[in-house]
Amino acid sequence: MVKSGALAILVGRLNDVLQYAVGEPLNYLVNWGRIYSLWPVHLETACCSIEFGAASGPRYDLERYGVLEAFGSLRQCDLLIVQGTVNRKVAPRVRMVYDQMPDPKYVISMGACSNTGGLYFDSYNVLKGVDSIVPVDVYIPGCPPRPEAIIQALIMLQNKIKKQKFAPPELKQIETKVA
Amino acid sequence: MSAQSSLEQSLVQQLSSQFKDSVRSSSFKAKRFKITVDETIILKVAEYIRDQLGFDHAASVTGTDFPKDGVIEVVYHFTSYSKDDLRKVVGALAVRIPRDSPKIPSLINVWPSVEYHERETYEMLGVTFEGHPNLKRLLLPEDWSDIPPLRKDFTLPGR
Amino acid sequence: MTLSVGPQHPGSGHFRLIITVDGDIIVKAEPDPGYVHRGEEKMAEVRNYIQNIPHIERPSIIDASGILYPYVLAVEDLLGKSAPERAQYIRMIMAELNRITSHLYFLSIFGIFLGHSTMFMWPMGDREVFIDLSQMIGGTRITFSHFVPGGVRSDAPDSFADKAEKTCDYFEGRLKEYERIFVNNPLCHQRTVGVGVLTKEDAIKLGVVGPSLRASGVKSDTRRDEPYDAYDKVDFEVPVYSEGDSYARLRVHFDEMRQSMSIIRQCIKQMPKGPVKQKLPPQLRPPAGEAYARTEAARGAMAYYIVSDGGNYPYRLKMNVASFRNLIAIPYLLKGVHLADMPTVYWGLDYWPVEADK
Amino acid sequence: MPIENFEDFIKRVLEIVFWVLVFSPLVIFPLIFIVLPSMMGLIGIMIPGPIGVNDILAALADPLKSIPIMTEFMKTDFFKIAVFPGFTWAALIATGAILIERKLLAKMQLRVGPLYAGKFEGVLQPIADLLKLIAKEIIIPRRADKLAFWCIPFAAMAVGGALLAIVPVSKQWVVTNLDVGLVVAFAIMSFFPIIALVAGWASNSKYPFLGGLRALHQMVSYEIPLLLSALGVAVLAGSLNLVKIVETQSSIPFLLVQPLGAIVFFIALMAELERIPFDLPEAEPELVAGWMTEMSGMLFGVTQLAVYVKFYALAGLFTTLYLGGWYGPQILPPEMAEANAVIWFTVKTLAVMVLMMVPRGTMTRIRIDLMLKAGWGRLLFLAFVNIFIAIVVVQLGIVPR
């Protein structure tokens, strides 16, 4: 639309100034809110859920990082921790849960089984890694990972979120399915 | 040891004498005994074991595939809670059925505890339990279309 | 109205319950397990007897020694060997430590199902103490792979006895506090007494195992019925309640933790010096035959049925796990129960879906 | 240079402030002097009284002149509704209550609770949650009733705010001093379960609907004991006006005269607030999150804030009815009597709130049938006994009317 080169430069400058003055501080603030308010979905796929329970217990206390213990509805959650082996029966459910979570959403793959299939690499019913159905942000190795490893993964995820660009929320309509 | 063995021995003998012709084989060792019968009389044998011998529940139903012999061996393990002297004994009631049409009568009316075990055996080995009210898929995913996984000719994908 | 409870639901773990409710009362409940089915039994047929150990204990890492114990016993039965005496005691100590951690996990989840988040946190915290203790012997937090056919992998360190004594002393005090705060209060009574009653006859008929069975008045414990390893040399009681409701099940867990601590103390006292592992060839080839070994794990009678054809690999390995045997009681007990009691009733049965699905 | 840590953020903000101050004489002041006079009519409505347009313009040049404007502004209804005893104040206390609750619960459970958000003991945790929720996507289920779904959080907020309007923080700081304040309070309170039901219905999902139904059931069980136990206070005070009820307690709080009524009222209030052990409509293990299951993003945030605003308002109502409202020993110099009153009211209300938070860490959830039994069988009976006690007390003349 803008034909004049000078005007285009001016608009570009103004955009830069706005980005510098408003966009970046806002981005920082929102990201700061996000990293300290990661609410996990209550989805257990296998045995690593025990160590997740231990991690939210008193000794390791994930709530220090703003992670609530088992949280009810996935509509209010940001973090999907795939706790262990994903088999062929639960895989569609994991994807369905992921789809129903509101943006922005993050996924942590917990344990060797959900990273690669792990011990169950030759089982007929186990997915070779949950990253084939949902995008994964952080992988935690271990079988099962110790609670310290979960905390480390959280910090890694926080560092990742810090570098993200803020996108305003948008209104979407999605089909809810009752399985 | 001897007193112990005599209990199992007497149990096996009792069963063998009751169902003379149908008993294919029987064996016993300390605290364990196993008896293999024809599939036609398994209901009667099970009822006899429950009512006369006092084994009041089945602990498991399982099966083993023997492609060489062309049979599947279905084994019911049973034991007792109500009789003190039988608690330490685990008995096994085995049936050998042909591999291509594995069908046996369900024991759900004799031992109700076999319900889920029979469903598991049904989907894992393809054994049909006739008379089971709810013989549906249990553990495998809904879209499973391969042969039952515990058959020996089912090979694991990674192997 | 039909509700699908799970697999993503705060009140279900790794499985799904399809329940039909009439108002607030459940008229029909149908469990839909299999969300953690990993084909352990098939995998066991392509691994040798030692390679099988790690993956066999994964279904129940909450009680890793408990689920491994009967496997080891069954293989030893096939080989005709037995473990040295010291190894037997170490196995018992590990099994009892795991029983305590498993029961503490049970308590904490029971608490969260009652809506009591402190009851989740306190046992979780004390579970760490026992995990520290078992870590001294097993080496890792929960998945030890510590038992092998013919003994255990490593000996207990010398400082173990002291630390175990201290831990038990500490925990006995804590148990009293738990009972005072969590169990003996009117709200907990109201939610558990008379809820989900499993009568003695039904418990026997359905073949229920473990604490649920003993809460229904059947005095059956594999450690007593068929003593394995050195369980005939230690003195302990089998707690029995006749009510068969959720409350009795809760109490059985408390009593069993006390008995486990007493067993650990006796084991430490009676434990002889000596080797902890019998010399066995690296590749085990048991003679053809079959073995059925059972033990009392935290969640009830755990049994393995192994058929050997004389080769390197088990020809057929059947895991007859406690949770799977208790599955039958879930639809039975949930009938006529209030929707609010659904999680506590099914969890009270000690149903651990990962273990049941294998 | 991207912002990487807190120092960068502060630097950036200071930089922006600096440039704004530099450029403001060029842009902003001319704008003000053109635009403001045309808006004076609007401001005139907000600030009635002796303050004129010229005073405001003068205050822009001389900040000291804004003090009389502020004091005048503080007397307006707008200020009362929006800022001090009203919304902003309540929202602040609600946010604080969320933090206090999480920390308190953590301490009871041998944990530390929020720690890293904010440099000291996680004090900024609620702010972090708020920022996150604002920036979160809002999902409306396709089969939901869209209009009703959007309205729920704001309806909940409006109803919570309506309660705030009648609870007197001090004799001066009350938004509306109604003669039938107590009755109005109960009328407003009975709206909450309806909101829960509408929320459940609008979500068109099973668990929220069950939660909404449970909220209604719960109301049936606690509403009547709640009313009857407060009746004792009305009998003693001889008035339904909340300010007058507080004034009759200047010598002795009704808690000491009517301990039974206070207990019944407290328990029924817990049920009204859906707090553990009475949080049946949002019972997590069986109903996921109850009637709030389908809420996401800021809809959930606003609803949650409304719940806590209501929490503050009802704790304030308890303070008003039983703890003597704003009365308390003079701890500030006499010329600051108003501030003293406000402090005492706030302290008492916070104490009541903390007392209501404690059961969350110490009690199990009650079941709906037990709840009905308790409500109709015990609380109702106790409430009646309490009314008779009140009448006897009044007849004996223990409390001056």
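To keep things simple, chains are lettered A, B, C and D as they appear, and every chain counts its residues starting from 1.
Criterion: a contact is a pair of C-beta atoms (placed from the backbone, for glycine too) under 8 Å apart; a residue touches a chain by one contact, two chains touch by 3 or more.
As the structure is a prediction and not an experimental result, all values here were calculated from the model.
Trainee: Taking a step as a move to a touching chain, how many steps at least join chain B to chain D?
Mentor: Minimal hop count between chain B and chain D: 2.
Trainee: Which chain pair is joined by more contacting C-beta pairs, B-C or A-B?
Mentor: B-C
Trainee: Can you work out the whole-Å distance between the CA centroids of chain C and chain D?
Mentor: Distance between chain centres: 48 Å.
Trainee: From the mean C-alpha coordinate of chain B to that of chain C, what's the distance rounded to whole Å?
Mentor: Measuring from centre to centre gives 25 Å for this pair.
Trainee: Per the centroid of Cα atoms for each chain, what is the distance between chain A and chain D, given in Å?
Mentor: 33
Trainee: Please list all residues of chain B that touch 2 or more other chains.
Mentor: As it turns out, chain B has residues touching two or more other chains at 140-141, 149, 154, 156, 159.
Trainee: For chain A, jot down the residues that touch at least 2 other chains.
Mentor: 58, 70, 72, 87, 89, 122-125, 178
Trainee: Considering chain C alone, which of its residues make contact with at least two other chains?
Mentor: Within chain C, the residues that touch at least two other chains are 9-10, 34, 37, 39, 42-43, 46, 112, 117, 120-122, 125.
Trainee: All pairs of touching chains, please: list them by chain label.
Mentor: Here the touching chain pairs work out to A-B, A-C, A-D, B-C, C-D.
Trainee: Spell out the residues on chain B that touch chain C in their complex, using ranges where they run on.
Mentor: 31-32, 34, 56-60, 62, 64-65, 75, 77, 81-82, 87-88, 90, 92, 111-113, 115-117, 120, 124, 138-141, 149-150, 154, 156, 159
Trainee: Can you tell me which positions in chain D touch chain C when the two form their complex?
Mentor: Chain D reaches chain C through residues 105, 108-111, 206-207, 210, 276-277, 279-280, 283-286, 288, 360-370.
Trainee: Contact residues on chain B for chain A in the complex?
Mentor: It comes out as residues 140-143, 146, 149, 154, 156-159.
Trainee: Going by the contact rule set out above, which residues of chain C touch chain B in the complex?
Mentor: Against chain B, chain C makes touches at 33-34, 37, 39, 41-43, 46, 203-207, 213, 218, 220, 225-226, 290, 292, 294, 301, 303, 305, 307, 315-316, 318, 320, 324-325, 327-328, 357-358.
Trainee: In the complex, go through chain D and note every residue touching chain A.
Mentor: Interface residues on the chain D side: 2-4, 8-9, 12-13, 16, 19, 102, 106, 109-117, 122, 124-125, 127-143, 205-206, 282, 284, 288-289, 292-297, 300.
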